[in-house]
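Look for chain A in each of the two complexes below; its partner is chain B in the first and chain C in the second.
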Partner chain A sequence: MSTRVSDVSREALVRPIQARSKGFLLALLAALGAIGVWAFFYVQQLEHGLIVTNLGGWGSAGGVPWGLYIGAFIWWVGIAHGGIILSAAVRLVGLKTYQPVARMAEMLTIAALTCAGLFILIHVGRPDRLVTSVIPAWPWRVQWSPLTWDVTVITAYFVLTGTYLLLTVRYDIHRLRDSLPDRLEPLYRALMVGYSEKEDAVVERLVWWLAFAIIIMAPLLLHGGVIPWLFALLPSMAGWAGGVQGPSFLSIALTSAVSGIIVIAAAFRRAYGWQDLIPDAVFRGLAKWLGFFSLMFLWLQLQQVMTGIFAAPTSLQHATEVKISTPTYWLAIGLVGLALLYIFASALKPSLFSIRAMVVACLGVLVGTLLEKVLFVVEGLQHAHFDLYAGVPGVYVPSVVELSALLGTVGIVVLFFLLASKVIPVVELHAIEGDHEEVDER
Partner chain B sequence: MTDEHRAPPAMDDPDYWDRMADVLDETDHDTELGLEMARDAQRLVAGEMTEAEYHEKYHDAVLTEFGEDERGLDLSMADVAEVDGADGGLTERVEGTFDDEASRREFVKKGGVAAMGLSMLLGGGGGDDEAAPSTAPAEASDDGTRWGMVINLNNCDGCLECVAACKGLHGTSTGAHWMYVMAYEEPEAEEENFFVRTCMHCGDAPCEKVCPVGARHTREKDGLVLSDYDICIGCRYCMVSCPYGANYFQWGEPDRPMDNENFTHDERGRWVDGPPPEGVMGKCTFEPAWQDGQQGENLVGTTMCEQACTRDAIHFGDMNDPESDPNQHLAAYEAAHENDTSEFENRPDDTVSTFRALEERGTDPGVVFIGDEPSPEARQVEGPVTYEEQGLVDDRKSGVLDQGAAANAEEEA
Partner chain C sequence: MIPLAGTASYTLPFVGPGTYLIFGVVLAPIYVMLVAWFLGYPRDAKKGLLGVAYLAGLTTSLWGGLFVATMVIKALFF
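After this line comes the complex of A and B, so read on.
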């Protein structure tokens, strides 16, 4: 049986590509402005060195050598990993409900990984040596340095996600070609090199295996592995070491990623009148997932706090006491807790649910997870086992230069979505019911 | 820390001298000279004789006996007084402490000096394994050289001479103290203690393990843990993983760039010493160019901080060699602090407390400390000589880094 895709649905799908609006221009200008502000400050950092940040050296020099840059790095990687886990789960288990947001999740992954990479670039003292030093040392350092594992896995992951996105987008471009702008013809031709409809079935199987690989890799190696291992494997910092960091990082990744996807999906829905394309059910379902991941996040925080204060070794106890007496920590926990409360309440009483309120809750979660990540990095460094130095813990408040990078990377993600939505459909054709059968019969 | 723990040997006990004479007889060296030096050392402690006089009296004899005089400084105390001149030089400071109210702690410290005469002979005697228990770390190979230190915290008086000398030699930027001395207090104890923080040149260095580019490395030849300034990408993972806080990052332009390749580059031609370039990590090096003989044979086997130390606290040498200065110092110190086993014969031979800082972190540190390890509750306090008095900046964060780019401009000016 074949159900042809209605022209209305196709029109909806390519609406962002064809539409021109003042809102789009404003968003574009805001994104470029944010990137511009960051570029201005980053030039200063390039000129004078990292001395323009508020970082310091732990020890007699006081302060923390890792700060917002690394906290934001983990945060972006978490969003990326959570995003791709969600998208892979959709393909692997066939969670049809979420198919309208699967591609947005993949795009978010690409954009967020780019930002994470940028944070590494701006964090190091010698960005000019990233290629000349890292590549020659890779074969023998990869067996030791967690940072090398990190770079390796993130690169592999970037390639995997890119392949995944490219393969699935070819299917759509081929079928929507007539509705796509002619001026981008060379780009489409490049994307479609060697395409034939015979590949669709193969690609579908290939994508399933890619999703399978991502699902295996992400929790074990990515945000449940190499990223937390950057910290969890160091015995000298009490707040970092230990096996709980893997699950804890993963819970934060998933929480922030689902929040990010909800925000982006709501923005597209509002901007392009996609009430039919991304129905309420998608948001209600995502909210339940967010509630579950938030619960995991809070539960793992509880585990760390309890084991850290009951009868912990001196340095861990100290680190935990400092953490729970930091107002920012409770702000982070509170923001996630509030989102959880709202989601539970609206599950009990569905009339309480609104997408607008959900977006606000999600923005709160995004801020909360970022705060928690930065605090984790900074406070972890401030309370080491060797706690003799008068200059430690010291004070760390991110400088304007560092904060501007956060603004800049948010700008990059927004810009990426704005531009990409002008080139490819951000909701895949498969999401429109029945399209599958149509393809199968061809 | 109990007083008994650090009690000096009962030198008025005739049996003590007989025992020492027996020990000395077993060596190839002059027993009479050893005993005379030990007796005079006692006078030194009692204040009847200055260290300069002591040094002068035995300098020739020691040279004749051993061919070298390793008692601390190469210069005689008279020379030092001349060099240091009017601003409270070394001699003055040493003598000054003798005039101070001789607290028990001070007395105990100087008990170490009293044992020097004996230690020289035992050390020079060579090959007496019992007298020189190896401090070689368990995991390190016993073959070859492993440069390290024995730092006698009981001798340290917090004068910061080593800190200033290190900084002068290596040209590190303001607030970067590769050698760092901390005065600290334990809770509910009024006594001031010192901790001398070098790089520990760990046998299993966490900083090396985490380095993504292999810039931080251990020299196979002698176990020195060094940074290759040409490779480092400045990720600061070494700084984060070092449990001692021994790393100092070059946040801006170096204050005083150094272009003396004969010092900054070791014999392998790698740039590992001097102030690191902007964006690169540096730390205490134990002077590889000195150890490689590039600065003259007389500097092999010593470091700037060791030379600058007026209190015989820092002893640099090959930790795998029982006859090296650090091992000999420890042996002599232990010999001078014999335990009373007459009643309880299972007691340890000596009352000397030693430790390797944070050894339980699995780092296999190459520095052995004599003294008590700071407890987790210990807190750094202002020492008898402040960093400011030495013309140094202690708090690099507020003193330099918080000025941001302005600090750079100042350095460039």
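After this line comes the complex of A and C, so read on.
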């Protein structure tokens, strides 16, 4: 059985742009409220310093100067990386089943990368020194500093994704212009500069090569490369070091990203009655990918635990024993494991599958991957070689200030989708055109 | 690059593994992309330049915007 997504009208595609609803307004207020809460606490941090988070210097939190801010940074970067990989795969490998969610994945990448960058900005005690120290120091540190590699690669990644979106949106705006709001005409004119229908084939080729660059860089060199190298190259932190961190980070990125896409796609489908535009088959397919990535995540955790407790070097054994004796770690593993079990069960018995249950499972995965990343950062630091922080008092617990930042960044992502969906179609026109039509519903 | 007398090699710009890693490996897919933009078919140099302008413009606006935002924070709080 198959669904012809091409039977969906253009009216459905621009429905978010034209629709007015109470739900939209409520979501907007909730997002602004979340951002407002974070802004209130961030002003406290700017006025009094990082001491309000217990993360300053040797700190009062067991010596841990990195906590939720850095854990959330890795988490958002992971979501960002996985998002665009899906979109690039649609274009490169021809996974057209997922074309209806490809642009949402691109947008998720941009929003999530923004939040990741924001966490670095707010974690810097003096954010005013960020640009003025990074830019001048760049040529003097790029040869040795993984932090400089990180800045370089995240910039490249953000720019590639932005270019990808700017190039692909021209095709849609040109053809849907009559349905788009006139008050945004100056913006559309800027986005469409120099456009002619003759460019479509050329731009499609440019975008194909962009997707090529992204699909190599994102999994292999960014979330499986530079980001884990921020930790894996530090032998003094036994819980961080080692080559397994590359694939492990990547598995977490893909797991959380697919979860994020499922949640966002389900929200749009419900809000705008897009049962035909984003059919069940898309969610069933994404669920299978989530199941596969969750399995990889759990398998790589098993690798780390086994190599950490069986005849491991003393400091690694200690770090691993601490990790597996932390209930929060098992909560994280359990949340991902439950999602995997549900996906497996619904593959065996398709009647068990529901989008609502899938969204709940995905929210669990998002919480689980965040918990794992925060624990990775905190415990990796606390249990360094030579018991570096053993004499420092206190225990790390995320402060209200840090938690408010997490809430604020979620608000930023929601706000981004709400506003962007009023400007451009969040589903590509290609998704409903004849040459992109067959969607397998098995 | 020839090390300067009395200067530790790790203090010299661009001398070290990160240079090969970033410019030789990590950014290599971007080089391939840029070459393909201008050499493949169907070809239109203007659209290739549009892509390059997006890359350059987004990089500038990202770091320029960050600079302005952080300077505002400096003016208000430090």
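Here, the second predicted complex is superposed on the first by the 412 of 442 C-alpha atoms of A that agree within 3 Å, B and C clash if a C-alpha of one lies under 4 Å from a C-alpha of the other, contacts with A are read in each partner's own complex, and residues count from 1 in each chain.
Following the convention adopted for this analysis, a contact is a pair of C-beta atoms (placed from the backbone, for glycine too) under 8 Å apart; a residue touches a chain by one contact, two chains touch by 3 or more.
Keep in mind the model is a prediction, meaning the values are calculated, not measured.
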Checklist entry - If you stack the two complexes on chain A, which partner ends up touching A:P65: first (chain B), second (chain C), both, or neither? => result first
Checklist entry - Just chain B (first), just chain C (second), both, or neither: which does A:P139 touch? => result second
Checklist entry - Is A:T148 contacted by the first partner chain B, the second partner chain C, both or neither? => result both
Checklist entry - Once the shared chain is lined up, is A:S236 touching chain B (first), chain C (second), both, or neither of them? => result first
Checklist entry - If you stack the two complexes on chain A, which partner ends up touching A:T314: first (chain B), second (chain C), both, or neither? => result first
Item to check | Touched partner set for A:V392, first chain B, second chain C, both or neither | outcome: first
Next on the checklist: Touch test for A:R126: chain B only (first), chain C only (second), both, or neither?
Outcome noted: both
Checklist entry - Which partner does A:L160 contact after superposing on A: first (chain B), second (chain C), both, neither? => result second
Item to check | chain A residues contacted in one complex by chain B, in the other by chain C | outcome: 47, 126-127, 129-130, 140-141, 144-146, 148
Next on the checklist: Please output the residues of chain A touching chain B within their complex, sorted ascending.
Outcome noted: 44, 47-52, 54-63, 65-66, 123-127, 129-130, 133-134, 137, 140-141, 144-148, 151, 234-237, 314-315, 381, 384-392, 394, 399
Next on the checklist: Show me the residue ranges of chain A that touch chain C in the complex, using the header's touch definition.
Outcome noted: 46-47, 117, 121, 126-132, 135, 139-146, 148-149, 152-153, 155-156, 158-160, 162-163, 166-167, 193-194, 198-199, 201-203, 205-206, 209-210, 212-214, 216-217, 221, 225-226
Checklist entry - Mind pulling up the chain C residues that touch chain A in the complex? => result 10-11, 13-19, 21-22, 25-27, 29-30, 32-33, 36-37, 40-44, 46-48, 50-51, 54-55, 58-59, 62-63, 66-67, 69-71, 73-74, 76-78
Item to check | chain B to chain A touching residues, read off their complex | outcome: 175-177, 180, 182, 184, 195, 197, 206, 209-215, 231-237, 239-253, 278-281, 357-358, 361-362, 374, 376-381, 394-398, 401-402, 404-405, 407-408
